[in-house]
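First subunit A sits with subunit B, and in the next complex the same chain sits with subunit C.
Then we have the complex of A and B:
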């Protein structure tokens, strides 16, 4: 089956991202396909490479980056939600005159059309949020 | 393009959190993709449709008008849980757009019919 995943909450405050990660791993372990993982609302905060949790805690951002690299996952961060919350890649930095970037490896910034497309193309779009 | 039934389930008050606003943003994109879009309002989500949003005091942009503009995007299926309305002392006359009210059970059936359900 072809799945897509929507994550609407940020890391550490809310379990949504943790549960989505476990779900994604289970989906892949069962041999299913993940078409796309879309980060929206505070979920875009899962994509900052500047996260530094204590050493004995899980690193949620790096975990996503690693999973994406291992399975060639398409992880998309909503551009409007990212702009509001200061998640920036090089293109966004240039466009909006910002002096830094913080988008973690494996993520890309794009529009909400990518979420709607994920809904159209996938057998299941599963939301993790409040 | 494939047309799927997208339902947006709105459960939260319009201000206080960003969910209602960011839900509307996806609604408009789904409509632009010419999908079969509907919206359901339940729990505090029914407050999103209450007439007369007045946000000056909280320095937020009021987006009541966006609900009125949905029809221009061919989004006209707005469903409201009648129990949620009644529990808050509201009737359809308090709402800023025409809606169809229904029981929670009927709304549940409608949700079951959808291809994609996005809950905000």
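Then we have the complex of A and C:
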């Protein structure tokens, strides 16, 4: 079965990001496919490579990047939500005159249409948020 | 429909909203939502009243993390993350009551 996941809450806030990660792993372990993981609203903060949690804490951002690499996941960050919160890739930095980028590996910035498409193309869309 | 509730009934009205507005199917309590199924709590009475309308589930790792896994009310089936995935697959639609 084809799943997509929507994450609306930032990392280290409550539990949505952690639950979504454990859920995504379980989806893959069950042999299902993940069509897309979409990060929206404060969820876009899952995509900054500049986080430095304490060494004995889980690294939520790196965990997503690693999962995406291992399973070739499509992880999409909403562009408007990202701009508001300072999540920037090279294209956006150039377009908006910013002097740095911080998008973590495995993520890409795109629009809400990607969420709509995920809803259409997937058998199930599960939302995690606050 | 699978209804997913992730906040305690002491914190938010999402469990109330779900039990009142949803058509039936199943309710899965996750994160702080598992507090709703604690024996003797205000949530227990609400869940008992709704038990005829919904199948009730709670995410075991979240109940264990909160030290209440052995105090879940009768009639609530505990599932792990794999069981969570199975429930999403079993029901045609799912709604997170955020």
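One rule holds for everything that comes next: the second predicted complex is superposed on the first by the 130 of 130 C-alpha atoms of A that agree within 3 Å, B and C clash if a C-alpha of one lies under 4 Å from a C-alpha of the other, contacts with A are read in each partner's own complex, and residues count from 1 in each chain.
Everything that follows uses one rule, which is that a contact is a pair of C-beta atoms (placed from the backbone, for glycine too) under 8 Å apart; a residue touches a chain by one contact, two chains touch by 3 or more.
This is a predicted model, so every value here is computed, not measured.
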Using the touch definition from the top, say if A:105 reaches subunit B (first), subunit C (second), both or neither.
neither
State whether A:116 touches subunit B only (first), subunit C only (second), both chains, or neither.
first
Under the stated touch criterion, which partner chain does A:80 make contact with: subunit B (first), subunit C (second), both, or neither?
first
Which partner does A:22 contact after superposing on A: first (subunit B), second (subunit C), both, neither?
second
Which partner does A:41 contact after superposing on A: first (subunit B), second (subunit C), both, neither?
first
Please work out whether A:8 is in contact with subunit B alone, subunit C alone, both, or neither, and reply first, second, both or neither.
both
Counting only touches as set out at the top, which of subunit B and subunit C does A:93 meet: first, second, both, neither?
neither
Tell me the contact category for A:129 with respect to subunit B and subunit C: first, second, both or neither.
both
Both subunit B and subunit C contact which residues of subunit A?
8, 125, 127, 129-130
Which residues of subunit A touch subunit B in their complex?
6, 8, 40-41, 80-81, 111-113, 115-117, 119-121, 125, 127, 129-130
For the complex, give me every residue of subunit B touching subunit A.
1-2, 4, 6, 18-19, 22, 25-26, 29-30, 32-33, 35, 115-120
Within their complex, state which residues of subunit A touch subunit C.
1, 3, 8, 14-16, 19, 22-23, 25-27, 29-30, 32, 123-130
Where on subunit C is subunit A touching in the complex?
4, 6, 30-32, 61-62, 80-82, 84-86, 88-89, 94, 96, 98
